[in-house]
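Next come the structures, one after another.
Next come two complexes built around chain A: one with chain B, the other with chain C.
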Partner chain A sequence: MNRLISGKSFIVLIVLAVVLIFFYPRVMDSYFLHLTIAIFLAMILASSWDILARTGQVSVGQAGLFGIGAYASALLYQWIHLPPVLGILAGGILAVILAVGIGYLTLRLRGIYFSITTIAFAEALAVIWLMIPDITGGAMGVSTPPLFGGNRILAYYLILAILALVIMTVWLIEKSRLNFAFTAIRQNEDVANVMGINPTRYKVLAFMISAFFTGLAGGFYSHYNTYIIPYEVFGLNVSIACLVMPIFGGLYTILGPVIGTILVKVIEEFLRVTVPYGHQIAYGLILVVVVLFMPDGLIGLWKKRIKPLFLKKSSVG
Partner chain B sequence: MVDWASLLQSLANGILIAGLYAAVTLGLTLVLGVMGIVNFAHGELIMLGAYSSFWLFTLLGIDPLLSLALSGVLLFFIGTGIYRFTIRPIMKDPPLNQLLLTLGLSIFFQNLAMILWKTDSRTIITSYSGMSLDLGIIHFGLTRMITFLISVVLTVLLVVFLSKTKPGRAMQAVSENNTASWLIGINVEKTYLLAFGVAAALAGAAGALVSTVMYTFPMVGFKLSLKAFCILVIGGLGNIPGTLFGSLILGITESFVGTYIPEGSGWAEGISFVLLIVILIIKPTGLAGTRRE
Partner chain C sequence: MLELKWIDVYYGNIQALWDVSLSVKEGEVIVIVGSNGAGKSTILRTISGMNKIKKGSIEFGGQRIDLLRADEIVRLGVSMVPEGRELFPRLSVRENLELGAAYIDRAYSRRTETLQWIYSLFPILHERGSQLAGTLSGGEQQMVAIGRALMSRPRLLMFDEPSLGLAPLMVDEVFKTVTKVSQEGVTILLVEQNVRQSLKMAHRAYVLENGRMVTKQSIDVDPEKCILCGECVEICPVSAIDMTVNGQPENPGRDLGRRVSRKSQ
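For the complex of A and B:
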């Protein structure tokens, strides 16, 4: 049997698609629709971070790509009135171009050096943005026209489409030879090299895919939010969110980043109401707890601890 | 025509700030050298030191230069606690896990500080804050001068500790080869604990210095740790002479950019990132070479 997808999961997918496309946006009130859009946006960031992580590279500077995407579409509208949807696409493409440049320069670096460079890169962009206000709008930020004239349901469909594209990309990567290359590089770069895999090339490819979706998410954010400032879009908070959500859910899986994002966002939304400043403390705590106690995230916890409980029960009964 | 007075002044300012940068980076260097861990939460230990100094001054009126020792002791205990409960279990994990754990601690403490003390920028104004020392063509702020001297003292103390005392020499041995150290009877576990504690104490003292010459706010540690990473990369990872060299390079470059480039003080904030990226691209193991991955 070489079918890519089993009949059962195909039915699940169809049901999920029907619910998300036709049912969900009609039933939900405005607040929940907004929350759902925020969660889908975060899922895109989480899944695209995970694509790069599959090659063993931990980026702590996704905010750089997110910010470039956000500003590309905002500034292109200001300069040449590029329609927002095209602006978002331009944001993704610019992020890819940037990723190719940074990738070839820094992806030779291993592990921790790459991580530190990515932080420096995002922070450097923030400094540049503040220092050339004539072009970037400086610390005051820039306003953008609302997406689809402020129609939230259409915005929901757009983000759902991007999310579907990301998930499909991850799924295709898992089914293709890329998966072997990425995994080999992650597990041992020297061995991968000997096996005839060019680590830098695959790492740059993973970074490009990751950057494209992160840039799209940035572009979407700028028009959805109608206002962006450098501290926010280039900020550490964005980079941290990108990595905590997939790590919490479980790395190198399709579902991990999705589940991780839902839980993190729900926790964050709850804390936002109770703690005015510093609700991101949850991100720090989750990171510490996951590294110490559940190295494979929620998915690992499920597979190792919880699923066996059910299996035991059914085999006895 | 070169304006020598302004050149000398700029150089002197750079050297003074380099002293503070060295104090900020020493603890990071120690933990990296002895334990092989890049501690992303080092900046937050400095931030806690700065706040403890601020509150000791504001609530009890203790001069920051005196409370420096108190901040050091306080942070020593916080540091050993952090090591015992979070770092020790992952000492044998891959480096990326250590990165993620210390990054998690960093985010945790940043936000804890926001919850406890809001995001306001706080300053300490002592009776001698405005005073300056005139040396003919150049002059120094007294506070900056004192922080520089204390940084020098801290560096000397650390070097003496590492070379003359038994636990210090144990740290040196462990940094060379921890298995061999264990074989000759050094308690590696205890050495790690002490190294992390001493590094945190240094961060506490550096934080007290920071509170006198900069604003104290929850993100101050993160900003400083990025500079410290740059210094590590310039100086080669985990050695003290390299750290001093790196601090001088960064301090002086920032000062010159601040003096000679229009709107330079804003651009100077980005110098550390540019240096860091450029050096890593030219020489992926750091400018002065390194023995650790």
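For the complex of A and C:
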């Protein structure tokens, strides 16, 4: 795998990283902690989008699942005072149920139909939410008390746990037969089919996994943010963010979405402070630059251009 | 073993096959020849379940399979070597082979045994086991593709143009391996444009033109009876058939009639 770092120092690095991640909230101030939580949340969205992308399906409606997760946990709290952690889980499960429905309807079709349906799905949910304000709170949104009484450090650990779960799931997929099935379907559905793979089943499965984590992220967001409105959680912004970050970092990898998210979020945060309006243009610019100049994302850039430089140097010296 | 009866196949509204019937018996090597666009690949796609039929029936081992999904049909023992090989270039030869068995439980439990069998059939694959499939030559890739199909332990193996895009020497090699596989007891259905060579190894052949079987029965390929003329074989197999050997065709078609009469002069 990574020959640049030997096995021993790799383990040391990982241990160091884990220790750092654990003690991070103790040393950081509130602003950076908030930024980190936002980044972790985005990482979950990016990684779970990438799980589905491994089967060759491009979802442009992750916001629908995100919003369902957010509203499910917020409304369940409002109605029956369900504890936030359970509410977040309920959001994830509800998102899975919706994903199964949409998946079986559209994932048997090939090409762009699924992408179109997902956009329509997210947008339709936003409209429905505005149409039945008695149940959903309408345009006024829903508010919940702060998560863990506003304790950001606990919130940090919760999102860290979800993120760890996502990364572990992706890792398990990569190690298992599932990855081959996903790759086969992405490369050529017919060939996958004659190898004994039922493409629809695996695509729906990937969509379910993706939906679960996106729903969890939505649930977390609603409690952490304490306030959600339809046009924010069901908005196209969320869906686009879900796909820009992994494409920027590098598709079909564990690290790609993670690195892509960090960079996109840092750029966005920097622009948010310096450019008061329209900082979201960063998403568009990043997408254009990546598609034109580095189709394999940052990971591809590293593997093709930067790593060889290092290897050459070290072999000379 | 395999029995197609009067099938019609459409792509959307466009009809691709008309009243196609054919039968394959256990242990046979059957070749379907025909020019570009005659519908040869469509027949294979239909048998493997990727296209659905509008009319007729397909039976495999006495069971109707035309309503099953492609992945269910593979499990029954019908495997296909797809046109253009379609390997996973970034995976090793061994991984590519193992993939062939990975999703079929019956084959997965016997995969190491099958792998040894395939290595004994194609020793070159054993040597190249850890090499990336994308770095192999076209002929070697074709063997990997055949090996991958064999990993599912098929009773019937279908080849879609195995000689496509290969150098003449490699084409010989590929046809030799097809014969080898046949000698291992696997029934073979082959689709080819390379008529001369594929007929050499076939027990029987069918000729397809514009989506229709030219003859109702399969044609005899005994070299003694020499059903092929010399030059034009590669271009148009239909014009090469000496109809007097096999009797009159059921539905010769306008074009065919002209060509046959020209030949008899």
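We take it that the second predicted complex is superposed on the first by the 298 of 317 C-alpha atoms of A that agree within 3 Å, B and C clash if a C-alpha of one lies under 4 Å from a C-alpha of the other, contacts with A are read in each partner's own complex, and residues count from 1 in each chain.
One rule holds in what follows: a residue touches a chain if its C-beta (ideal position, glycine included) is under 8 Å from a C-beta of that chain, and two chains touch if they have at least 3 such contacts.
Here the structure is a predicted model, which means the values were calculated and not measured.
In the three-chain model built by superposing on chain A, chain B fits alongside chain C with no clash.
Partner contacting the larger number of chain A residues, of chain B and chain C: B. Once the two complexes are laid over each other on the shared chain, residue contacts for A:T169 go to neither chain B nor chain C. Judged by the touch definition given at the top, the superposed model places A:N198 against chain C, while chain B stays out of reach. When the two structures are aligned on the shared chain, A:N188 is found in touch with chain C, with no touch to chain B.
In the superposition on chain A, A:T226 contacts neither chain B nor chain C.
Of the two partner chains, chain B is the only one touched by A:V291; chain C is not. Once the two complexes are laid over each other on the shared chain, residue contacts for A:G278 go to chain B alone; chain C is not touched.
Overlay on chain A (Cα): least separation between chain B and chain C is 8 Å. Touching chain A in their complex are the following residues of chain B: 38, 86, 89-90, 93, 95-97, 99-101, 103-115, 118-119, 218, 222, 226, 229-230, 233, 263, 266-267, 269-270, 272-274, 276-277, 280-281, 284, 293.
Residue ranges on chain C touching chain A, taken from their complex, read 45, 48-50, 69-71, 74-75, 79-80, 82, 86, 88, 99-100, 102-104, 148, 152.
By the touch criterion stated above, chain A contacts chain C in their complex at residues 177, 180-181, 183-184, 187-188, 190-191, 193-198.
By the touch criterion given at the top, residues 56, 58, 60, 105-106, 108-113, 115-117, 119-121, 123-124, 127-128, 130-131, 236, 240, 243, 247, 275, 277-281, 283-288, 290-292, 295 of chain A touch chain B in their complex.
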